[in-house]
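What follows is a single structure, written as structure tokens, with notes after it.
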Amino acid sequence: MPSTIELLEAQPSPPDSGTLKVLAAFIDSARACAQACTSCAASALAEPDPGPLASCVAACLDCADVCLAAARIASRPLSVMRRDAAAALLQSCAGMCELTARECFRHEMHHQHCRLCMEAARTCLEACEMLLEEL
Amino acid sequence: MPSTIELLEAQPSPPDSGTLKVLAAFIDSARACAQACTSCAASALAEPDPGPLASCVAACLDCADVCLAAARIASRPLSVMRRDAAAALLQSCAGMCELTARECFRHEMHHQHCRLCMEAARTCLEACEMLLEEL
Amino acid sequence: MPSTIELLEAQPSPPDSGTLKVLAAFIDSARACAQACTSCAASALAEPDPGPLASCVAACLDCADVCLAAARIASRPLSVMRRDAAAALLQSCAGMCELTARECFRHEMHHQHCRLCMEAARTCLEACEMLLEEL
Amino acid sequence: MPSTIELLEAQPSPPDSGTLKVLAAFIDSARACAQACTSCAASALAEPDPGPLASCVAACLDCADVCLAAARIASRPLSVMRRDAAAALLQSCAGMCELTARECFRHEMHHQHCRLCMEAARTCLEACEMLLEEL
């Protein structure tokens, strides 16, 4: 399977290698976070007592949607004109990841899916902040 | 088919009717813009000479992704905690709509799909701004 | 906001008016069902006792994903080559809608969001079957 | 970042380890194919002469949507009831991957993004077939 760096390098005018690494790290983190959120939400709904996990599921659903949109948009060559819109999207992504990490933290002792999701959300939050500095 | 207002009113603690109207208008505009962008991009690719429309297609793809994520997130009950992340998402959505409207404006004389998409993007841009004031 | 029929008519080689109507009805039903599912899932998670609704939420999440993918793909000009892949997608969409309608039926007396979602899923199921006959 | 196998093992009733491996291989392939398609489409649109790549871009957009929906649904615990709907989705996914691989094959000598996307689509096609046998 192609790596994200290979895919970015195959673009007609790829970014320089420093930006490319930060961008690839963000794309990979956002895709992993979207997957962990989708999986955590579904696992929570399959638990014997899903009630106390409801707000965690809700946070995961939002977070998955924003991470996915951000990963797709970051995979496309970034024109100067849409830099502001991309930055706002990263800020939104960071905010949703923070919220998800906080929700999953409340359950990570009892649910492995929350622990994995919390870690993925924290990693994505850091990657958002790294990419925001690069833009 | 259920209207967006009916769906919002069916939530356990729906927003008051003023907010609900602004929220429903945004959700409907963002869903319509995502659809118009998806359709415009596909129509452009099916044109006899798609080359000059390439940057328009690229803008439409980004715009569809952000509008869709924003419409889904706005369809979920808005907790106070995720207000900032939602506001950033709306700002991103507004930015992408503005860019799409500008790209499609360059072609709206020759392509009906660009005219329809431009109008949908402008409507969504206004709805973003209205909802940002309400948050 | 542009209607689905207007968007389809703006394609370079639109389908004939009979097919176009069936196609537009499907796209509108699938988009409405995706929205109703997204909204029903979020509303269920915000209920005071969401536990008994967990399998309903899970069905809604799957159904929303398939309806959305099907609506996007049906919005793009349909080449002969991808007819089989599109038909399989419609069959999957019909199956997920049937499952969602059944899950929501169990709760529609107590939750308006389930009633709305059940109706949207049934409408989409019928529209899938109409379009499958047309392909 | 959590692996797909870890995420599946964190589900309340994970599948047995044979099924789990096939399922994880499919989820990873479908996510990678969706990413390669999104990236290939965007790279093609940024080429100096995107016209000849238009039908490749169109195939990639469809393929990305179906792969993404299939990966999300495969990430959720698979109830017996939705087995048929899931199988139809896998068949659709296989068909779209085959079409994408064929389109990208026509350009892989000249465009590295088409070569990477062709490989990802072929891998996903095989993973679809493996999982269909397992269902």
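As written, the chains take the letters A, B, C and D, and residue 1 is the first residue of each chain.
In the analysis below, contacts are C-beta pairs under 8 Å (C-beta built on N, C-alpha and C of every residue); 3 or more make two chains touch, one makes a residue touch a chain.
Just so you know, these numbers come straight off a predicted model, no measurement behind them.
The interface with the greater number of C-beta contacts, when A-D is set against A-B, is A-D. Seen from the Cα centre of subunit D, the chain whose own Cα centre is farthest off is B. One finds 27 Å separating the Cα centroids of subunit B and subunit D. Taking each chain's centre as the average of its CA atoms, subunit A and subunit B sit 21 Å apart. Residue positions 42, 46-47, 55, 58, 61, 68, 72, 76-77 of subunit D each touch two or more of the other chains. If you check the complex, the residues on subunit B that touch subunit D are 41-42, 45-47, 49-51, 54-55, 57-58, 61.
Taken together, the subunit C residues at the contact with subunit D in this complex read 55, 58-59, 61-62, 65-66, 68-69, 72-73, 76-77, 79, 81-82, 84-86, 88-89, 91-92, 94-96, 98-99.
Residues 1-2, 4, 6-13, 27-29, 31-32, 35-36, 38-39, 42-43, 46-48, 68, 71-72, 75-77, 111-113, 116-117, 119-120, 123 of subunit B are the ones that touch subunit C when the two sit in their complex.
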